[in-house]
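Here it is, the structure, as structure tokens.
Order of writing sets the labels: A, B, C and D. Residues in every chain begin at 1.
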Amino acid sequence: MSARQFVNDPDEFVSQALEGLQLAHPHLVQVSTDPALVLRTPKDGDPPKVALVSGGGSGHEPLHTGFVGLGMLDVAVPGAVFASPTAYQVRAGIKAADRGRGVLLIVKNYTGDVLNFSIAAELAREENIEVEIVLVDDDLATDGGDDGGPGRRGTAAVVAVEKICGAAAERGASLTELADLGRRVVANSRTMALALQACTHPGQQRPSFDLSDDEVEFGVGIHGERGVGQRSFGPASELVPALAQPVVDALRLRRDESVIAIVNGLGSTHALELSVVHRELAAFLEGIGIRIERALVGSYVTALDMRGCSITLLRCDSTLLELWNAPVRTPALAW
Amino acid sequence: MTALTTEHARAWADRFVSVGAERNDELTELDRQAGDGDYGTNLRSALRRAAVNLADEPTSPHEVFLAVSEAFLNTGGTSGPLFGMWFREFAKATKGREVTAVVLGEAATNAVAVVQRLGKAEVGHKTMVDAMVPAAEALSAAAARGSTVPDALAEAASAAHVGAASTERLLAKRGRASYVGEHARGVVDPGALTVAYFFDAAATPQS
Amino acid sequence: MSARQFVNDPDEFVSQALEGLQLAHPHLVQVSTDPALVLRTPKDGDPPKVALVSGGGSGHEPLHTGFVGLGMLDVAVPGAVFASPTAYQVRAGIKAADRGRGVLLIVKNYTGDVLNFSIAAELAREENIEVEIVLVDDDLATDGGDDGGPGRRGTAAVVAVEKICGAAAERGASLTELADLGRRVVANSRTMALALQACTHPGQQRPSFDLSDDEVEFGVGIHGERGVGQRSFGPASELVPALAQPVVDALRLRRDESVIAIVNGLGSTHALELSVVHRELAAFLEGIGIRIERALVGSYVTALDMRGCSITLLRCDSTLLELWNAPVRTPALAW
Amino acid sequence: MTALTTEHARAWADRFVSVGAERNDELTELDRQAGDGDYGTNLRSALRRAAVNLADEPTSPHEVFLAVSEAFLNTGGTSGPLFGMWFREFAKATKGREVTAVVLGEAATNAVAVVQRLGKAEVGHKTMVDAMVPAAEALSAAAARGSTVPDALAEAASAAHVGAASTERLLAKRGRASYVGEHARGVVDPGALTVAYFFDAAATPQS
């Protein structure tokens, strides 16, 4: 079995894909190339709002470039595949996004991203742009306690942060309010993922790791690395509770609490499969008395063509729910 | 009290660019043994940009350091942005000032502080910091003793080399090398070595 | 490499996925189980309109179940994986959809679908429901001339038919007008697809056919069958024109004409790849003076987890364009 | 002029259900050789539904045929809906009427016409039509000669068998068997054979 992609020069993969994104959505986004940025197409008469900027390595599409638009991001800053954008690139994104009310940076917790976004924030502050950072670190598989290590990785909860803060920004929330809100979303979100098959880097022929026919990789991230260990493959009705239980435990979710659930495909997981996963998740949560207020089921934060899925739960209240439900118009998310 | 001239600063930066290119394979091999092997790629692209920026004929040491800093801030990896911020402190401290050894000592001290604030590495964590700290200390001490700029920089270079060499026997506590545990022992940290090469490049070549 | 899915009993795959769909989109769709139907959640006070019903074998999601909602389908009728729904099931769909102004059936051209939808139409007419059928047969790879065979298969152009007729139905078009409109879309659409890797049926371990590392399968359909032949693998800049040229030829598109383009992933094709494909398509069409008025780039008509893509062009005029741009709110398509 | 009683119709349908089950493997094997091998699966699920529907105690031949028709219209494959519509014409023609041989001949004639309209197959295309057409002709001819219902049905069964057997030497022009070309030659069409078994089932078993 081969693993080829639609690609020209792998070094141009991201920049050519950005051109394609712009061509597909000229009314929603604009792409600049040096440095690479995806910008919300401005509408005349929009009142100035706090700007939202996110980004990180590519290969996770539609994240983040597909979430630029009304009710979500103002600018996405894409790096090369699985590599952080540079500090200057992020600074350019901040400057392009700022409309005088400050800029919220939404950063997934990876060393390179944290470094480059933090530096960009410092540089922008020197130019009198107010910047706040929300660090997203929802991935339970990397919850190593307080050992001074890099901490939990940021994965699918970032979609909730972008959606909810995006909605609040449209309603005029201040930078401080948005930073608090974003942190509240992060504090109340956890994610767990598993892979049925690893991913293949552009231009490569082999997946990044092998799994035997009867095992799945638990606790994978979104960069094709191995997870925390293998478990036996099994029906969805077994795999899904094994993913969801640790999330419920980590959030200390209790009977009668409400959540927003994100059932996320990691790249090559079919829509039918994700629907089955969601059914199992709903059954599992119903069994322990937890109510799903809203669900997002689809491939939103991918690891190239990895087969697998992640489950994110966000403990929600009426404020978060209302912001989640607010209108959004981006290439990849619209309601 | 001689000050760093624009010409010297420029020659220093140019030599750093060429030494970095010469040492690229060696540095990559170190990152391969105790990291992810892309150090050379990151450094090369930073130095290429630096060369382009330097071709704009900087008119002060400040502009020379800025050219190098911006090049690194435009590149990837962990080393790129950290070096970018490190050089940036040299640019800041030298802005509109006569660049004495005291000023350079101040710059190096501020610079390593920024790198430590951002990267959260202490001496002994097997990173570029292990060369930056002793280099800054040596520079400041030499300046306090009234050394000339070339002498102070030569002392910084020696100190940086000693610091870099010290990383060989360490286990990494920061960066990708920290994921490989014992495998990193016996391997010099490429970031630290680059710091030493940078100070080496300040010396006027014996011709 | 294994090819496992999130699935429980493969025989329950579709019905459990439908439950998941309903749980994920309670505000948009309702699912009935015996027979299986996906119904638009009615809004009070909607004026009666002509109802749109489509369906066919499952495994092509989000088609058709993901396109139920405002501005598209009223009812989707899903069969088992790659198998037509039954005639009675379709009749039940027609009866559930009808609001007294008649029902438009949008049917992809496959023997089983044509048979069951035609029979259902006859049965419904006997119960005094007005029914018209639009047959979608856009797949160029099966264009065998007029040999009395089954004719061209129906593939991604069905999305355009559903979208455009859906919009016209919301505006009160009559059944006859909608049937004419749908047929006009079909007459002006052609599609060509290629696979980089075959798909794997639920519960199976091996893909439906093998390709060597240096070949791609040209002219595949959406059921995992082989296409019309192999070609050498190559960069996107070569593969895409090879797909698009026959489509341009078949539609006799000429310089200065306008199209709506659908760049469709067949299942496991990454968003970045589809963006690259779209970039190449745009470059190719620009080179021959054809203007892309609107583009839809994503995995909309899949063949389970097949790697590959199809390119559909629809010659468009201001009427079609305006209907394409009209609002739509479904699980899988919203703007 | 005897008419088809509800009991006879019911026994006919019941026997068809059991014969279909007995012949399932044989029919599947034929579809495997010249089709996609799911004929038996499709037929089995139709006959199971038919048995369920027949358990509702139909009170007329019309209701018997309707029970069978609805079962087939609720199943998949190409054979399911075509048989469903075929049986449906038997239900329609017998509704509220005394079911004479003439009525059955009329039903069979209408029924094959519907199948041909929907499936677009002619005699010789190697489909169920190859058995349906001669069966309808034999029924009508027997009715015109004043045959009893059992005799007319027996003649239909013979004609259907001859028609089914004729498909063995044919190349398929319709259905999946048409995709396999020469491979279909030598294989009897399972749809046609099913039609013959259906008429066989009308005969009262010799007890």
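Convention: a residue touches a chain if its C-beta (ideal position, glycine included) is under 8 Å from a C-beta of that chain, and two chains touch if they have at least 3 such contacts.
The model shown is predicted, which means the values in this text are computed figures rather than measured ones.
Following the contact convention of this document, no chain is adjacent to both chain A and chain C.
The set of chains touching chain B and also touching chain D is empty.
Chain centres here are Cα means. That of chain B falls 58 Å from that of chain C.
Centroid to centroid, with C-alpha atoms defining each point, chain A and chain B lie 35 Å apart. By the contact rule set out at the top, the touching chain pairs are A-B, A-C, C-D.
Residues 35, 79-80, 83-84, 86-89, 111-112, 115-116, 118-119, 123, 149 of chain C are the ones touching chain D in the complex. Contact residues of chain D toward chain C in the complex are 70, 73-78, 80-82, 84-85, 118-119, 175, 178. By the touch criterion stated above, chain A contacts chain C in their complex at residues 1-9, 13-14, 16-21, 23-24, 58-59, 61-62, 66, 196-197, 202, 205, 207, 210-213, 216, 233, 235-237, 239-240, 263, 267-280, 282, 292, 295-297, 302, 304-305, 307, 309, 329, 332, 334-335.
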